[in-house]
Amino acid sequence: MIIVLKPGASKQEIEHIMEKVTKLGLKPWLSEGVERSIIGVIGPEDALRTVPLEGMAGVEKVLPILKPYKLASLDYQKEPSVIDLGRGVKVGGNKLVSMAGPCSVEGKEMLFTVAESVKKAGATVLRGGAFKPRTSPYTFQGLGEEGLKYLAEARERTGLLVVTELMDVRNTELISRYADIIQVGARNMQNFDLLKELGRIKKPILLKRGIANTIKEFLMSAEYILAGGNPNVILCERGIRTFEDYTRFTLDINAVPAIKSLSHLPIMIDPSHSTGRWGMVNAVSRAAIAAGADGLIIEVHPKPEDAISDGDQSLLPEKFAELMSDCKKIAQAVGRTF
Amino acid sequence: MIIVLKPGASKQEIEHIMEKVTKLGLKPWLSEGVERSIIGVIGPEDALRTVPLEGMAGVEKVLPILKPYKLASLDYQKEPSVIDLGRGVKVGGNKLVSMAGPCSVEGKEMLFTVAESVKKAGATVLRGGAFKPRTSPYTFQGLGEEGLKYLAEARERTGLLVVTELMDVRNTELISRYADIIQVGARNMQNFDLLKELGRIKKPILLKRGIANTIKEFLMSAEYILAGGNPNVILCERGIRTFEDYTRFTLDINAVPAIKSLSHLPIMIDPSHSTGRWGMVNAVSRAAIAAGADGLIIEVHPKPEDAISDGDQSLLPEKFAELMSDCKKIAQAVGRTF
Amino acid sequence: MIIVLKPGASKQEIEHIMEKVTKLGLKPWLSEGVERSIIGVIGPEDALRTVPLEGMAGVEKVLPILKPYKLASLDYQKEPSVIDLGRGVKVGGNKLVSMAGPCSVEGKEMLFTVAESVKKAGATVLRGGAFKPRTSPYTFQGLGEEGLKYLAEARERTGLLVVTELMDVRNTELISRYADIIQVGARNMQNFDLLKELGRIKKPILLKRGIANTIKEFLMSAEYILAGGNPNVILCERGIRTFEDYTRFTLDINAVPAIKSLSHLPIMIDPSHSTGRWGMVNAVSRAAIAAGADGLIIEVHPKPEDAISDGDQSLLPEKFAELMSDCKKIAQAVGRTF
Amino acid sequence: MIIVLKPGASKQEIEHIMEKVTKLGLKPWLSEGVERSIIGVIGPEDALRTVPLEGMAGVEKVLPILKPYKLASLDYQKEPSVIDLGRGVKVGGNKLVSMAGPCSVEGKEMLFTVAESVKKAGATVLRGGAFKPRTSPYTFQGLGEEGLKYLAEARERTGLLVVTELMDVRNTELISRYADIIQVGARNMQNFDLLKELGRIKKPILLKRGIANTIKEFLMSAEYILAGGNPNVILCERGIRTFEDYTRFTLDINAVPAIKSLSHLPIMIDPSHSTGRWGMVNAVSRAAIAAGADGLIIEVHPKPEDAISDGDQSLLPEKFAELMSDCKKIAQAVGRTF
């Protein structure tokens, strides 16, 4: 850590800061420059991270040297994590994963229809929400456990794995019973009690990035789960909030190579929420695979205009099949397969 | 709701949309223009809100006419809500409320010292976190119930009311037992299960705005609590995330008059998180009162450099006393008192 | 245009608005709903666009129906524009365009070296700045006309076309003399006097998106040039400013399919500025081609660590050759060629 | 400057970096830590600022120590700059400045009416655009020199000073002839050729912040003018672009205390553009004065609904008089006067 001093920092102020650092078991050294003097600190930076050095007299700014996450970092593990999702499906390796299904589980028949069609097109995981985070208290909130049962039944019929969202920490056990992969939604990326709970289990977690969270914060949230003892974290970029209002969110495609250069965890893309428009999902999915993403999670609905949620961004099964065919070509061009 | 059609929308497409609207019990009318035709819809817009009209063939865009929140709206209640916090303290009326205290409850003595000093300076509510949302799993997570007990003890000693954050829905009953006002942090503004739980109790809720949530979404989250049956919602603007990185967040001062023109709910400002720098807290607090905010919530620490969290933005008790004195002058200038 | 009235709008207020609309030669109709009444307006919306209807008594909000741009719109021209850059190079068709070269023209030899290497790798246009927009007045501002001469000489040697930035409207004639394509930088996207000047000439214009401008504003700036009489506008997405600070900017990959669905103009991507890190340029270039972009503009420098500007994001010639080879595979996967 | 090395940086890489630094006339020193080694650099940081150290092998990141602006900085001048605008009006001292008038100069009579009314309410400077930056090429672009003449005539009649915008560098001499203060609009904050031109004259410059520019970049643009030899720079915060769409822009009120802590230059606020809604202008103006701003620039129009531009955010003369009366009370509360 480097502490940059104000031009007029007094001798006492400097000594006070150096004492503070020393008391924490670290070794400070002072370097006096013409325009600015600095204090460098040798030793484990974590001890200093919570000390409000910027508030101390004589301090202009503080520059951290180390990354605040460890287990999620490439420094900790050089090889990409390959996470086993069950039934032979893995994410993070050469083979890409396609997760698809309706936004909400709306009914049994509809779910089975979608499940069969996405399976046929090449998906290996079925997505579907049984508990739905909705902006308005007056809209459909999901079928609850009934929806989970339909998902499990769809798994038995098709062999697809099931991913579904856990919103309420009290439902951890319930969701675990039915799902193969537990999704943490963007709104819960910093629901730390939920993350701690998920650190205690071993199920793979699909952790979605918050709409206003940096890549660093994203990896810190992964760190919560890893530090709790669950190494099976799959990251998912799903669009960030910017000033652009033509699309629902802005897909941060940069996040794919950025995360690959910082972490060993797999990174997937959600092109449906990133754009909010079904007509853009194919193009953005191709971009994700080309950039090096490890998979896609896509909303598919047999009759989007009747969907209870997110119909604007849902693909028809035939459009999804087209997308899979297009993305396979891109996968091949980057030396991977679906 | 107005449905704008694409230039080349076919007769069948138009009829299909009109049928869809009619089936929902609404009355559509078609208006054909030279460049664009539109379908207007008469009747309760909510029925249409979840129908993905934008995904339908022939539709260019959909323009909602009504606001999605009702109980939070000025249309529903013209007079400002004045919320009784207990012990004669009210928020939303002519008298302003000052909430102050440490970021985290770190210990008994420290808490009592702060409580007495902020009380003396004019605060009526003591803030302090017993359960802390921390970006890193490796930093101090709060004293838990022990911290709540200290807060309750500080209330008995000073007569101050207590506001503290509820993070985990499983702690609702626990926090309710100790707190006069329950805080929902920015990260939980869209934790809908938590909001539903808080709709079932009657305690005043201090609802903080999410760092990337619009004013409309903020009011929708308030609506969750109101719709559940708890009318005691106090809004709190605490800075939004923007590209500016000199400050921790960007205080959206516009939100004060904006919310006053849309809702009857009281709106407070948190100048500590909004800026992240103690040297800016006084200026921004004055601005908040001048703009018409109903109160302030401020971090105060007897020795900020030893604070376990948020020390950079915490005020010394004497600086807080100065702030209160400065803000009283502004209050007077806008015809209010502290 | 739809004018939504406030719940309590008086009869006089409504009549006053309807008169106002009628005076502008348009036809208003009133539709009275239970919760809100609206006034619809038939006729050319442009007449109303500058009337501050939202400021009028009784008005809650105003919803425009039409797009404010015309010549840039797909409504105006259904077929994609294919723009002839000279020497047989075209942009907007099946064949993709690769523009490459140093950020600044720093010297003759260095420019020739880069030009030859990028030509060999498959680029058809040489980029290089002679006049540089620099955040600091104390840094290198470009070689000026000398730099333009080197660019022209490089063209003669290699057969590459030349694109270079025009910053100062007074240099329009000067730049036109040397460049095949004139670049408008992100900072000048709304320099309307410059845009008007470029509407008067016929040279192809590479118009970069402003870092905080919406897609709609981007197309409006293109409209300025088109309306002036120059149909040769090439759009270029180069990253927008968001809260994410790991990368220099955030590439808005959504903009590619978005613009394809709104406009007939070609859209290119600048992966160098979008990321600010050379290690991410290849991944993001692949994504751009996969999403349907019409070309790339990339910074290449023979010795990035000696570059006077943007060295952090410049590729070595051999890395650029690798990128071209990777992108050709993606191009093939989407049915296009370089 | 601190250069943080990658964990595996080789001996050769480190030596190469140290040589590079030494060649630039600076003195590097290596400090080897357990997790990361760093290279500190002593001497004038500017020499290194343009060297792309982050692109060099073995480098993880680079942390600058010094601020990139000098003349604009509080380090350079401790006392606030008080800028003489002429006719006894000064900005930056204890007395606040109120600039008011129509968005565009639309006609003679209208301008005189506004001028007289704002003068009566306490304004000392008349604002009005003769050349207007408009998003659409199809809307009113200003009266040009005719507008400037009306402004000059209004000055003679009322004694008000005149501020008007310079958009096109070719009009510098023209605008200088008529205006007392030259405004640089938000879109031109990084039009460096324009800034250089304004560094050559001595007229006071009202420099508006770009909608997506940081405070640091804002001060760098001021530095361009100062470095050119013109010390008369007045900063103006006018709202930044964020995700919030209820208001036209988001006023960054934090910028007032931030700039006061970084620079000696005066800072004004434009509440009209910051909000885009006339009903919010009074509240936000009060906030600005309370936060310590040195003045206001406000749009006033005798009949906003007939305004050719920005009518939604223009105040009626009587509302402006009310605002001045309200702001005088706030000014008094912070120990200043209008």
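Lettered A, B, C and D in written order, each chain numbered from 1.
Here, a residue touches a chain if its C-beta (ideal position, glycine included) is under 8 Å from a C-beta of that chain, and two chains touch if they have at least 3 such contacts.
Keep in mind that this is a model prediction, so the values were computed, not measured.
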Since chain A and chain B are copies of the same chain sequence, what is the angle of the rotation superposing the Cα atoms of one on the other, rounded to the nearest 5°? 180
A student comparing B-C to B-D should find more C-beta pairs in contact for B-D
Label of the chain whose CA centroid is most distant from the centroid of chain C: B
What whole-Å value do you get for the distance between chain A and chain B if each is reduced to the mean of its CA atoms? 26
Determine the centre-to-centre distance between chain B and chain D, using the mean Cα coordinates as centres, and give it in whole Å. 31
Distance from chain C to chain B - Cα centre to Cα centre, in angstrom: 38
Specify, in ascending order, the residues of chain D that touch 2 or more different other chains. 212, 241-243, 245
Per the touch rule above, chain B residues touching chain C in the complex are 2, 4, 7, 29, 31, 33-36, 38, 40, 42-45, 63, 65-66, 75, 241-243, 245
Residue ranges of chain D touching chain B (in the complex, touch as defined): 212, 214-216, 240, 242-247, 250-258, 260-261, 274-275, 279-280, 283-284, 286-292, 326, 329-330, 332-334
Quick one: which bits of chain C touch chain D in the complex? Just the residue numbers, please. 20, 46, 49-56, 68-69, 133-141, 167-170, 187-188, 190-193, 195-196, 210-212, 217, 220, 223-224, 227-228, 241, 277-278, 304-305, 307-314
